[in-house]
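Read the structure below first, then the notes.
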Amino acid sequence: MNVTPALVADLVGVAVFAASGASAGVAKRLDLFGVVFVGAVAALGGGIVRDLLIGAVPPYAFTHWAYLVVAVLAALLLFWLHPQFNRLRRTVLVLDAAGLALFTVTGTLKALDARVPAVGACVIGMIAAIGGGLGRDLLTGEIPVVLRREIYAIASLLGAGVVTVLVKVDVNRPLLIVGTTVLIFVVRLLALRRNWGASTPPGPSTPPGPLPPPPAGNG
Amino acid sequence: MNVTPALVADLVGVAVFAASGASAGVAKRLDLFGVVFVGAVAALGGGIVRDLLIGAVPPYAFTHWAYLVVAVLAALLLFWLHPQFNRLRRTVLVLDAAGLALFTVTGTLKALDARVPAVGACVIGMIAAIGGGLGRDLLTGEIPVVLRREIYAIASLLGAGVVTVLVKVDVNRPLLIVGTTVLIFVVRLLALRRNWGASTPPGPSTPPGPLPPPPAGNG
Amino acid sequence: MNVTPALVADLVGVAVFAASGASAGVAKRLDLFGVVFVGAVAALGGGIVRDLLIGAVPPYAFTHWAYLVVAVLAALLLFWLHPQFNRLRRTVLVLDAAGLALFTVTGTLKALDARVPAVGACVIGMIAAIGGGLGRDLLTGEIPVVLRREIYAIASLLGAGVVTVLVKVDVNRPLLIVGTTVLIFVVRLLALRRNWGASTPPGPSTPPGPLPPPPAGNG
């Protein structure tokens, strides 16, 4: 592996996502293995699903040891230092926004390079960015945060769309990567700062009666 | 994409499953993105897993935009109109039975065409039909409905078996597709109407003491 | 399929894991289909994920009917006989340790044979061994046991590491398989007997205040 700026950026994203997963594991009082496992899923899960979807097997996370090592180290650090981590909450949110941006851009580009059509490539880019967090929440018994709050996946999907358009009009790659990463990062930070959220269903927020159940026999 | 009867039928299944997923998301008070995401998983998840299992990557749902667009539109409609949707409950159950039938038949055929042996192809056909609902329930923090109630997966598996036998005896394809789709559809509707269910474990239905836990250390 | 000692050993692992999954399904009062489905996921899920990760599609469980048949039969037996099964708890834990050992060794070897690098192959071997139990727990709405207790995944990972080293130094295959299987089996039994566990996060075990949440907007 050559140590390129792209690799360093990618590994920063891996470390931040691993810390977020480990943090969720600590909150659930998992044991050391559990904390590291949830950290690794949060950090690498999105990329693994992305690679399965585009047929790039074995997935990158299994063939480039630096990814796994960084994820495990970040989760271990969180495990031992978690009170301090909590104090860094703002920094973590900023780094997390950077991870979201980077994973979206690399995921969308990999999908386009694997000849996935535009719409599908955008969705795969978003899955690469939010998939790890989904796995973290499923493993710790939570309804995924990304489905409930704020402009997070939307920022990713928007960015993936811009990446796709710029690839089609053949913009210079390094420029495209930097530009769209910054775009997603800024949108996400603005959403955090201004507390933007996606709409919630119309109707009272505490329902007056029983909620409409999903159609019964539909499994 | 040519607009064939098969495509139209498939998209009806996608729309109904998306509405069921979106309905579950609304019941959990997810935000707009969450509702659409759960709807898309319910509609497309089974087919995506089917394609991963038979090595057809990128999965169909990522290469044919009509599938994603129909799923998203159906979920959006449900999001804005959900009280009305609730009144259509009977219609939804019938359309859902149609989706179950169609996804089973196309899933089994795709697996057989990918040279999966008979037993495996039946299971893949069933996974194609019930996988989206499983994903919907996992994302919304429920034990999957399909594991708890009624003849749903069983109707799918039975139908997949009939598809496989008819393929082996080389029945004419269009006839086979129509016949087995109708068969699964009718079995499912009968199960709904007569309230058929699979057996539940022997023993009292409210256990007198603590339930037998799964074998402890087995992860 | 030739009936080799390896096949018999593998199928014993499948049967035990299926019984553990079915047992979890019975505890949640799933219906017959649900119990069998969770049993099959517990027995075959790890191997299916392993095969997806190394690109061996369709996965082995779908192309060799004996695996599915043994899983279904074991789950059915558990469904009908579960009070007796509960009395066999010690035997089940021993057989489960054997399943863990076997699935780790075969999973790691398959990954290495598919040219996955060492670190990735160890992780895939562990996933093959613990993946089914993870699926079982997710389907039944539990935080996975393997993330919370005892030396289980750690025994698997350790064994996968030894397998990898022995393959690199080119040890005779049958010897390697028997030796590492016994090693993992013994480590797991010792962990059970001596009640070894992985560390839990530092800090009081009942937290004095609200637990640190995972970083908010990170989906």
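As written, the chains take the letters A, B and C, and residue 1 is the first residue of each chain.
Note that a contact is a pair of C-beta atoms (placed from the backbone, for glycine too) under 8 Å apart; a residue touches a chain by one contact, two chains touch by 3 or more.
In this text, all values refer to a predicted model and were calculated from it rather than measured experimentally.
Contacts between chains leave no pair untouched here, as each chain touches all the others. Taking only C-alpha atoms, you rotate subunit A by 120 degrees to land it on subunit B; that is to the nearest 5. We define each chain's centre as the mean of its Cα atoms; on that basis subunit B and subunit C are separated by 27 Å. Among the residues of subunit C, those touching two or more other chains are numbered 52, 55, 134, 138, 141, 144, 146-147, 149, 153.
Considering their complex, residues 17, 20-21, 23-35, 37-38, 48, 52, 55, 57-59, 61-63, 65, 68-69, 79-80, 82-83, 85-86, 89, 92-93, 96-97, 130, 133-134, 136-141, 144-147, 149-150, 152-153, 188, 191-192 of subunit C touch subunit B.
Those residues of subunit C whose C-beta lies close enough to touch subunit A in the complex are 52-55, 111, 114, 116-121, 123-124, 134, 138, 141-144, 146-149, 153-154, 197-203, 205, 211-219.
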